[in-house]
Every structure is written in C-alpha cells, then in structure tokens.
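What follows is a single structure, and I will ask about it in a moment.
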Amino acid sequence: MTSSVILATDEVSKSFGSLKAVDGVSIDVRHGEVFGLAGPNGAGKSTLFNLLTGLPIRPDSGRVLFNGVEIQRRSPRWIAKAGLKRTFQTEAVFESLTVRDNLRVGSAYGSPGRPARWNNARCEAALAAVELGCDPDRPAAGLSLLDRKRLMIACAMVSEPAVLLLDEPAAGLDPADQEALIRLLTTIHAGGTTMVIIEHVLSVLSALASRMAVLDSGRVIVTGRPQDVLADPRVVEAYLGPGAAR
Amino acid sequence: MAPSPSASGRTRPPARTLTALVLAAVGALSACSSSSSTTSTAGAEGGGKVLEIGLLAPLTGPSASDGLGMKQGAELAIKQINDAGGVAGHTFKLNTVDVQGQSNDAVTKGVQTLTDNENVKAVVTGYASTSNFEIDEFAAAEKLYLIGGNTAQTQGIIQKNPAKYPTVWSITPNYDAYGTEPVDLADKWAAEGLWKPRNKTAFIVRSDNPYSESIADGLVKQFTAKGWKIAGQEKVPFGPVNDWGTVMAKIRSADPDFIVNTDYQVANEASFMQQFLQNPTKSLVFLQYGPNQPQFFELMKKQADGVLFNNLAGLVPAENYEPAMKLQQDWKAAYGTDAVDPQGAVTYAEVKLYAEALAKVGDPDDVAGIGAYIGKSDTQQATGRVVFDQATHLAKQGDDFVPLQSFQFQDQKKVLIAPDKYKSGTFRLPPWMK
Amino acid sequence: MRALTWASWPAFAVVLVVLPLVFTDPAARLLLILMAMYGMLAMSWNLTLGFAGIFNFAQIGFFGIGAYTTGILVTKTGVEPWLAIPISGVSAVLASLVAFLPVLRLRGIYVGLATYVFSQLCIYLVLGQAGLTGGSNGIVGIPRLTLGDTSLRADGRIGYYYLAAALLFATVVLVRLIVNSTLGKSLLAIRDNETLAVSRGVSRVRQHLIVFMAGAAVAGVAGSFNAFLNGVVSTDIFGFGYLTLLLSMIFLGGSGSVYGPLIGAVVVTLVSDYLRDAGAWRDIVIAALILVVLWIAPKGLAGLSRQALDRWGRPTSARETS
Amino acid sequence: MSGISVILMSTLVLGGLYLLMAAGLTLIWSTLRVFNFGHGALLMFGSYLTWSLLNQAGLPLVVSILGAVLAMALIGAAYEFLLVSPFIKRPGGDMTVMVATLAATMLLQSGAQLIWGPEIKQLPQLGSARIEIAGAVAQGTQLVTIVLAPLLVGVLAYVLKRSSVGLAVRALEQNRDHAQLLGIAPRRVYLAVVMIAVGLATVAGALLGSMQFISPAMGADPLLRAFVVLAFGGAGSLPGTIAGAYAIGLLEAVTTYHFGLSWSPVLVFLAMIVIMLVRPEGLLRSRVRAA
Amino acid sequence: MNALLTVDKVVAGYGRSGVLRGISLTVGPAESLGLLGPNGHGKTTLLRCVSGLHRPTSGTIAFAGRDARGDTPGDLVRRGLVHVPQGSRLFPQLSVEEALRLAGTASGHGKTWRDGIAQVFDVFPRLKERRRQLTGTLSGGERQMAGLGMGLMARPKLLILDEPTLGLSPKVKHELSECLVRVRGEVPAMILVDGDMDLVLDLTDRYHVVLHGDVVHSGDSDTSRTRDEMMSLFLGGTADERN
C-alpha cells in the first residue's frame, strides 16, 4: 500500500503572519491515480501546491515526500527535474515564444537527466497529445484561452513528468471548453500519468478523480472517494456557509 | 551559420532585417563619403588656395575656457594672415576639433579626424592630451604639429630620438623652472625682508596627472634642497574636486609658511582658494597655472588678492616688448578685452610661426622642409623669443628667451612681479596674512 | 524564403568584404570600423539587456577591462599582440563573474544600480593602480597590430576594417546562435514569467550567468580591438559617454531584435559623425532621436522596418487569426 | 580634535546635499516605481536657472532661488508628462523610462551648454553667517545647507505624515489599486511628486552652485551619491533616506579624511555593493520601519 | 424603474482571454444585490469594470443615470459608487485612523472626515480601539473592518463589497457578518460578493449566479430553492440525488 504512494505530505504547515494558510496537511497520492483537491476560496489549495513544488515558498514545518524522498528543502528546479510538474491557475505560457519554443523550453530544461533530442516529431506528438491544432510557429500570445491551457499542459507533459499538478485547470472556461478539457485530462491520465488536480467546482473533480481531499481554512476536513466526500455535511458547510447543511 | 533547419516557418526576419541593414548602411555611407569628397575637391586640385589648419582644443569640459582661448588665438592669427592676402598664394581656414576633457579617447578621435584629412597641413594646440601621446601619431602621419603644454612629456617622447620627430615642435619651454622658481622667489622675498617665514615649512597639493605631479615633484626637491621642510602633501584625483574641507583641515593642522597647489584646473583652484579663505592660515598661497585664466578672476574678484601664480607661455606683458603689445592691441580690437588668454597667445604664435615657414618654403606639402625651417627659426613672438632646443624640440627657457613670468593679484589686478626684466610691481604680503 | 536565409549569410559576408572597396576614403573607412566595433558591443550588450531583460550596466566595464588587459599585456609583458585579443575576452569574462554577484540576489533596477557602480569602481581601481594602468594618464604607445610586415593601419586602416568586420561577423553568428538556441528561448521564458520558467526546470541564475559571460567575452574582445585601433587606453572607456552612446544605439535600433542594435550602431555613428562639428547640438539631436523613436516606435528602427516590410511583403497578413 | 569637527561639519554639509537629492529620488521611486536618471541634470538646470534669474534678470538671490524652484517644478511636470507617463505602462516600461531619463540628461546637459556656454559659473554665498567649532568653520551657504536641507526634508516628511496629500502619496505607494478605489487620481499625485522632487533638486542645485561651481556636468556626482544613499537607506522610505544620506556623508567625510579624495569613492561604492548584496532591502530599512 | 446602476451587455477580459461575455444586471437605488458563483468566472472583473478600474471591451455601464464608462474610479467614488476590493492588504503602513481619514478626504469629504470617522467607529467599535495601530498589523477580521470602514467614509450611494469574509476563520466570520448587517443599515444600496452563501442571502434582496462570465440564474434571496441550486452548481448533482 505504502509502496504505491508516489507523493505525500506529512503534517505540512505554512503561515503568513497570523494567517495559517496551510495547517498540518497530510495527503498521499498513489501511483497512476487522479487525486482531487477541493475547497472554497482561500482554503489553502494553491498554497499547498506551492509548498509541493518549492515555488516560491517552503513549508514552516512538516515533510513533503516524493517517491519516498524528502523534497521540502530542495530547489524548485530540482523538484521540477525530478518529475513533479505543475500548471498555474492563470493560463501561463511564455507569451513572446512561439508554441514550438514553449514546448522546446519545457523539454530541454524539465527532463530528468539529459533531455531527449528535440525535433519536429516530438513537437508534433506533444501538440497532438493535447489536441492543439494550431501552427506551431505562431506566437503563444495569440492563442485562445483553451488553447493556452492546452499548451501549458503540453509544456509540462513534454518532459514526461511522474506527477502532474494542475491548479484549477477549468477556471474561466465555458461549459463546452470545460468538457473538452476534462476529455483531454482523461486521455492523459489513461496514458499513465499521476495527477493532482485543484478544482473549486466539485463536479469537475467527480468526473476525474478517484480520490480527493477537501480543504477548509488550511486544514483537510475530508478525504475519500468523490461521491462520499460530496455527501459529507462538513463539505457542504465549508462551501455554502454554516446554514447550508441543515 | 544558418538557423536550425527545423525552423522552417520563421526564416524571414533575418533576411529582411539584413536587407534593410545593408540598404541603410550603403545609403548612409554613400551620403557620408560624398560629403567628405566635397571637402577634398576644395583643396586637392591644382594646389587650391585654401589650406586647413587643424586645432586640437578642449572646447567643452573642465578646461573649456582654455579651449576657447586657443580657438580665439588661432582665429585671430588666421584672420590677420588672410586679410594680408595669405601666404605663398594660400589662405588659411581653421578646422577645430574638440578634445573635450582631454581624454585619450577624444584626443584620439580628433587626431584621426585631422590626420585622415588631406587638406589639413598643420595642426596647432595649446595642449591636447595630458600625456602628449598624440605626438607619435602626428609624427607617424607626417603632419606638422606645433604644441604648447606638457613639455615634460614632449621632452620625454622626443629626446629618445629627435630625428623621428622632424615635424613636431613645442613653443613652450621646459617646465623645470616651474619646479624651482616659486621656491627661489620665496627665499628672495624673505632675504629682502618682504616676508618672514616662521619655520620654513611648505604644504603641497597635487592632482593625479602628469603635469601636476612633475611640477610638484620638482618643488618638493627644490624646497628640500633649499632647507625647507615639507609639512605635508595631499594628492587629489584628477577631475573636479568639490570639497577641499579635509585637505584644508590638514593644511590648518600643519600650519605651513607656504602652500602650493599644482592642480591646474581653474574651478578646482578657485574653490580651493575660496575654502582656504574661510579660515586661512598665515601662509603664502601659490596656485599653479589656473589664475592665468581670466575665468579665475571672474569667479574670485576681490578674493583673488594675494594669490601667487606664474606662467611660462603667456603673453609677456611688458610695455617695452613690441610683439606682445601688438597682440594685446589686436586682441582688444577683436575680442574686446586686453586680457590676452595665455593659450590664445600660444596658438597665435604657432600659426604665425607656421605662416612664416610656409612663406619661406612655398610648398605646403613639403612638410619636412617646413618642419626643418621651424626647427631652425629664431623669432620674436608675443610669448618671448622662440628658439628651439634640437635635443628636445622645446623652445628655450630663460629671461632672454621665453621667460617664466610670476604674478600676484594685487588690488584686483594681475601684477607681474618677476622677472625683473619685465616686472611692473613687487611682491606684497597677501591680505589674509596682515 | 528559406533559400534567402541561407543566402543571407554569404551575402552579409560579401557586403562586409566589399564595403571598404567602395569607400576608400580613410575617414569613411574609420566610420565603417567604428560601426563594426559599436555594432559588436551593442549586439552583445543586448543579449543581457534586451533578451534576458537584465539591467546590466557592467557591459561598459567589460569593454574597458578588455581594453586595459590588452594595454597592460602588450606594453608591460610583451605578449604577442594577436594573443592579447582572446586573453582580453577571457579577462572580461572573469570580471563578469564578479559583476554577476548582484544579479544573484537583486532584481530589476537594483541590478542596474549595482552594475553601474561596478563600472564606476573600475575607474577608481584603474586610477588607484597607476603603476600598472598609468592612472589618469592611461596607457599610451600600444603597438599597432601587424600581419607579417604590414601594419593593419596601412592603406586607410583596411587591415583594421577587415579585423573588425570579421569580429562583427562572428558576433552576429554568436548572437544568432544564442538567440535561436534553447538557451535563448529560456532567457525569453524567464523574462516572460520567471515563476513558470522555474517550475519548468529552468535555472535563472545559470542561464543568466551564461549569457552574461558570453556578452562579456564579446565586449572584452571589442575593448581589445579598441585599444589596438587607438593605440591608447584611458578611463573614459568606462565613462558615461560610452554608456549613453551604446544605450542609444540599442534602443534606437530596437532592443527586442537581434539586428536592431546593429542598425542603431550604424545610425548613431553616422549621425554623430555628421554632427561632429555641431558641438552640443550633436547630443541634443541624438537624445531627441531616441525620445522620438521611443515615443512613436517602441520597438525601435528594427521594429519600424519590420512593420514596413511586413506591410510591403505580405499585404494580407494571415498571421493573427484570433 | 579638529579632525573630528571637520569630519562632522563635512558630514552635515554633504549629508544635507545628498538628502535633498535622494529625498526626491526616493519619492519618485516609491510612488512611480521609476529611477530618475535625469535627476542630476535637473539639479544642474535648476542651478543655471537660478544663476540666470540672479545675474540676467537681476532678481535678489532668494527670489531667484524661489523662482527657479517654481520654474523647475513646471519643467518637472513636463518631464513627467513627456518622459515618464508615456512609457511607464508599457511592458518592460521601467527600462524604457530609464533610457528616456538618460536621454533627458543628454538633452539638458547639452542644452545648458548651448544656453549658458561651457564656462563655469558660481552663485554668491547665501548670507555671511559663520560659525567655528573646534577649528572647523561653516559659513554662508554651508551653514544654510546644514540647516535648510534637514528642515526642508523634515517638513516634507511631516507633510507626508500629516496632510491629506501626504496620505494620498503614501497610500499610492502601498496599494495602487485600492488607492484608486478611494478616489485618488494617481496621475495628479505623480505630477505633484515629480514637481516636489524636482523642486528639492533645484534647491540642492542652488546650494551646490554657491558652494562649488555651476557646470553642465555638475549633477552627475550628486546623482551617483544619491543612488548610494538609496541603496543604503532602502529606496522608498523617507526616514531611511534621511539616515542614509547622513550615513553616506559621514562615510565619505571619514574616508576622505583618512584615505584621501582618491580612495573615498571606492570605499563608498564598495560599501554600497556589499550592502546591496547582504541586505537588498537597504541596511536601515527594517529598523526604521520597525521604529 | 429607475435603476441606480445599469450594466448592459458588458464584455471584458485581460489580454486575449475573455472573462465577461455580455453580462447585464441592474441595482435599484435602495436595493442590495448578491453575486454568487465559483471563482474565476468573472465576478471580480465585473466589479472592477463597474468601479472604473478596468475598461470593458464593449457594453455600457451607467451609474445614477449617467454613462460611467469614461469615468475614473475617483470620479465614481465622488459620485457615490464605492468599491471595497477583495483581499485585505489595505495600506500596511497607514494607521487605522489615517486610512479612514484618507478615504474621507480622497472621496471629496475633506471637510467632514472627522464626523465620518466618528460614525465609522460607532459601526465598528473595534476600530476605535485600534485607531493608532498600523493596518498592516491588524488581524484579518480587523483589517476587513477597516476596509469596510474606509468604504463607509466615502458616504456611498452604492457600496460594492468583494469577498469580505475571504480567508477568515468561522468565529471571526461570524463576528464580521454582524458588522455587515450594520453596514447594510448605513448604505442605501449594495452589491455583495461572498463565498458564504448564507451570508449573501441574509444581506441581499436579490441574487445572481455568475458562471462563465454571465448571469446564469437569478432569484429573490429568501427562497430556499437557492440552496439546492447552489449545491448542484458547486457539488455536482442535486441535493435530492444525495439524500
């Protein structure tokens, strides 16, 4: 059981002044699964991602284990190279680079060990994997929102990460685009990539995740299968206020 | 080298930028070369009548007022020559290059500009760089170069092999006298009872440049030789010195009989004096060169009284010396003041000297002939009688050649107090010592 | 189009070879040499300033250190002059390691302050070590480069021209190589979004150090060239004059493009030569030129020419579809 | 004994001058996020204007200085309007603004040379008061500087602390978006800040032009020192700037006295680099903030 | 009806990503409107457009009968539209009293800011205790109070509150919601955005649910159906299915 855990946190905490953003959080993510992280605004989800990748902050206490190795003191670059890749809530791409060069940077610096030789075929494969059908030599700045998200994911995937951390991938997308994204993530997951997904909208998680944790005020309040978590009155209270669970 | 082959779709920018670049370069260069060719037609064909005389002068920067003087002197001489119908069928035109703060860079650019220009037959200057490195450049380019300042450097360069520099002559003499005269005069005044030294101590301020350093070294040697004590020395960086406060503090604690500041820049010397006068010691103050410039007096006015200074190259202000009196009149007519700029006197003399040589030799392209003629000449210029020393190419120094003139400001006037041959007044105790 | 690119390098080389044969006047040759030297400097500086977005003001320092290295080597040690050129590049690279220290910890304009002060410190150190550097006197009498028995100065400095042209060509190749490499892409990536770049495994410090050193090497070689060309070195080489001159070249030409600084170098050199006798007006014209370009064409002359060529070359551009 | 008093006097004069420069730079930096490389040139121009009003328009000295401060404040407004605001919002605008202010330096310096010529000028002493403490003398302009600089900046700091305008400036420094939502118009505040900063630089220029000389390049040195002050005191905090200015003045006076004028700048700059490396936020900043 | 605020078909975004897709809504002169919906769907952008911090790409916004599109935030504040933004960074180096005074003078109530502060202290007695403290050193709840107090200082006709309880612990949240009730009593009209649905429904007359940059659902704040809809929105599936 423990052997299949690829990424785990052990009582990780982080405070900003008087605010306990992450407060003794322990989760474990198993090989090959999609793990969901949910919770209302300000619950500490993105802060937890930052702590996992060391960017730009480190935990005040607690441990982060990746493949059984403590990484909470490692540099962000080391963590990235080790195979823990993340995306950001805002659809971040390198705007002054072309689509191709975005992927090239992701491949050249993100791969563990020596990067595989960069060529057209790899670029095309990466674009195909995220169903991004645009001209690879157009600047990334001009892409639509969904295509930027695709590119961001492709850019993380091109280095073949062991775990992909996705921070609110569906934010800002209309329902049709959201559907497309969920389909895409399902395909990527089917390829064997472990994923951790932050999502505010629980319905997206229930379509993707095998297990999930709900955070509120920096603490994990529930962990389990999505359908169980959604039924939990504490989750309803966390989302809709104290009166909602009545 | 080509961009990576995979980058098939975006190969345009380099090609286009390159085209644009080449177009721009060719267009612009053709414009520039046509402009330079227009100047060359003016002189090159059939011994055309207008010759250019190059002038290296610091027109901007801290020595700008010297530069202005150099320009005025050369312009006055050229105007007089042209008005008199020119020399050997040629008239002159001045081609001035700004050497800014005398930086090697600016001087180099100026030298390149002048040596590249065929029409420039001779180059004059008061001083250009601080090391006179440009002498080698002009010698290599076989251009006539008449120089004034930094004679220690000129001597150092030329005396190794005078034959290599047939076209370079300095109308200013050796500066050795700068390093001895103030000491000798002080002793003389003490002997005459005009002044009573308390303990025969001197404080010397020098600036980090060859001119100031060599004079300061000479003074230290002379003071020591004459039984004085050096109470202290202070070196300041070359360039603007704004706050003399700490130097003053050291001077006050040394309380010397005689203070010499060899930083020749007029602004530095004026601020030195102003700050000294805030809380003066009972010392004579000698300032190297700077007070010769009219600007020193403009800035200081009454505060200048009592300051001692000297000059090896300026106009000899003696009523009985005709070339100097004539220049003074002409200067007043041209520029409205009879305070002839010392650097102006130098460039004026240089242009006149060249004109005289050209008149004798005839062909402006016979640079070697003109150089040789100048080297053997013996003329009365406004700065004194100019005869060249063949070992150093410097003008000879002495009361009968180019005299070292010592001055003191008295009652808001510049009074010549030595040598006796020309002097118009005698040394007085400065007001702060009374 | 691809063929054109392939052809553009030989074409560039041919133009460089032919230019001095067209312009035989020594004054025009000197201008060509200066354009090439400033082009080198501006292009290499733009690697850090434009592409990497580092407020690097130490480039002038590297230029000066290269010049002083050459001056000291050839006048004090008798090193073979040609050898002094690469050594000067190396010494500038070593200096760049020191100047890089502030980049480790500081960001943005603070880097600018610290690196500017680095250049100023160079002046004071040179003045302080007068025995070695000649102090405010500078180093004079640097022997000229010769090839066999022929001085590079001969025949209107044609030797210096070809040396400058070769160095410029090499610089253009180097800059293009860097800009098109993954290193170049990663620099843009860091400039666009440092957090994202780091999360993709890019090390800011490492990439910036590489480009810093590459720029310094070119500047050091340019400094060495300058020392041989002029035969003198003095502290003005670290001064404000060069700083503003080169910055105006970079921003007039366009800091966002590879060739912009080269265009800027050509234009500013020509303008300042044309206004040589205009005294203070020269700086006024150049400054006004910079401001006008900054106002109307933020991407500089290179951006302008690209726009013009785009309009002219591809009237119905289908580049932006969304 | 006189060494100490001379150093102290020097510290007060130098510190006062740097303070007038650095306070303006700090204000501009903390509100507009711009390092104004043209500040030295503005000082120089203000100094020349004072000279012109005094010698060419024949006004009394104090009136000339006030007139120059007003005129320079207007030039400062144009400066903000033409050189800062067009660029500041562009991506990478901080570098563009910096280049624009460098170009402005070229313009002002060459302009001054054209208008007033290359020859140096000087303003008369401000008053003839004189004090002597243990062999160190301060008189005229020096004395005025010792008193006026901390007074002006102190008044400025007090105004920033107490007045509504000052509150607006500080609010804009701390949270631009929220400040706008309170009804503060940033452009107007920026304009006011630049005008005040240029006014202070003009006062510094008048003092400098009286203690030393007026020349086109006179601003370069004070600007460099002001940068060091910012690094020392932490850009963006006025109390830090005050402390930093006198600290640099002291450092300079001490090193000049003991190591000479040639080595003093080296030591000052080295100190600055070391401080920037060790405490990028400024040596004095956190302590002053905590107080 | 004479609406105080009219937002009509507003489209807006940052760079190339569209956030608002033609959203329309109105607020009456004495009305309180709640906005609900998950993060990243355009609520904050809408508020920034309304208060003039962000320029919409198209559509119209009118406040108090006048087109507000060209107005700066300052113009709007002086006309009575006051936006208390999300987050509680405030002005860390200003004291509570300074911040309140600033809010009064900057909004054009320079003469009467003292009275304003007295009123704010009535609403938030806690702020009176902390008047000399720098806002940067306040606790999260106190900082929110200071932000609300600054909003009140501008004497709003319409007060816009963006996530006032974000990141607060339940206890503090409870305390703040009592303050918000008092705030509601001080202002004629209000727009409230908050993650706590109960709070929003308690304090508002009507609500809109904003999804994907548009209003997808509206209703009166007292119907119990709201909860079911919100649950299905956030949690996926309806409450019935779960029971």
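A few remarks follow.
In order of appearance the chains are A, B, C, D and E, and numbering begins at 1 in each one.
Heads up, the rule we're going with is that a contact is a pair of C-beta atoms (placed from the backbone, for glycine too) under 8 Å apart; a residue touches a chain by one contact, two chains touch by 3 or more.
Each chain and its UniProt protein: B = ABC transporter substrate-binding protein; C, D = Branched-chain amino acid ABC transporter permease; E = ABC transporter ATP-binding protein.
These numbers come from a predicted model, not from an experiment.
Identification of common neighbours of subunit A and subunit B yields C. The chains in contact with subunit A and with subunit E alike: there are none. Think of each touching pair as a link: the shortest run of links from subunit A to subunit D has 2 of them.
Farthest chain from subunit E (centres taken as the mean of C-alpha atoms): B.
With centres computed as the average of Cα coordinates, no chain lies farther from subunit D than A. We define each chain's centre as the mean of its Cα atoms; on that basis subunit C and subunit D are separated by 32 Å. As a whole-number value, the distance joining the C-alpha centres of subunit B and subunit C reads 35 Å.
Measuring from the averaged C-alpha position of subunit B to that of subunit E gives a distance of 76 Å. Measuring from the averaged C-alpha position of subunit D to that of subunit E gives a distance of 42 Å.
Shown for subunit B are the residues that touch two or more other chains, namely 7, 59-60, 208, 237. Across the assembly, subunit E contributes residues 16 that each touch 2 or more other chains.
Multi-chain contact residues of subunit A (touching two or more other chains) are listed as 142-144. For subunit B in complex with subunit D, the touching residues are 59-62, 64-65, 67-68, 208, 234-237, 240-243, 245-249, 252-253, 266-267, 270-271, 278-279, 295, 299. Residue ranges on subunit A touching subunit E, taken from their complex, read 18-19, 40-42, 89, 91, 141-145, 148, 168, 171-175, 200-204, 206-207, 217, 230-231, 235-236, 239-244.
Considering their complex, residues 164, 167-168, 170-171, 173-175, 177-185, 289 of subunit D touch subunit E.
Residues 1-2, 4-9, 11-12, 15, 19, 22-23, 25-28, 30-32, 35, 127, 130, 134-138, 140-141, 173, 176-177, 180, 230-237, 239, 241, 257-259, 262-263, 266-267, 270, 273-274, 276-277, 279-280, 302, 305-306, 309, 313 of subunit C touch subunit B in their complex. Residues 35, 82-83, 86-87, 90, 92, 94-96, 98-100, 102-107, 109-111, 113-114, 220, 224, 227-228, 230-231, 262-263, 265-266, 269-270, 272-273, 276-277, 280 of subunit D are the ones that touch subunit C when the two sit in their complex.
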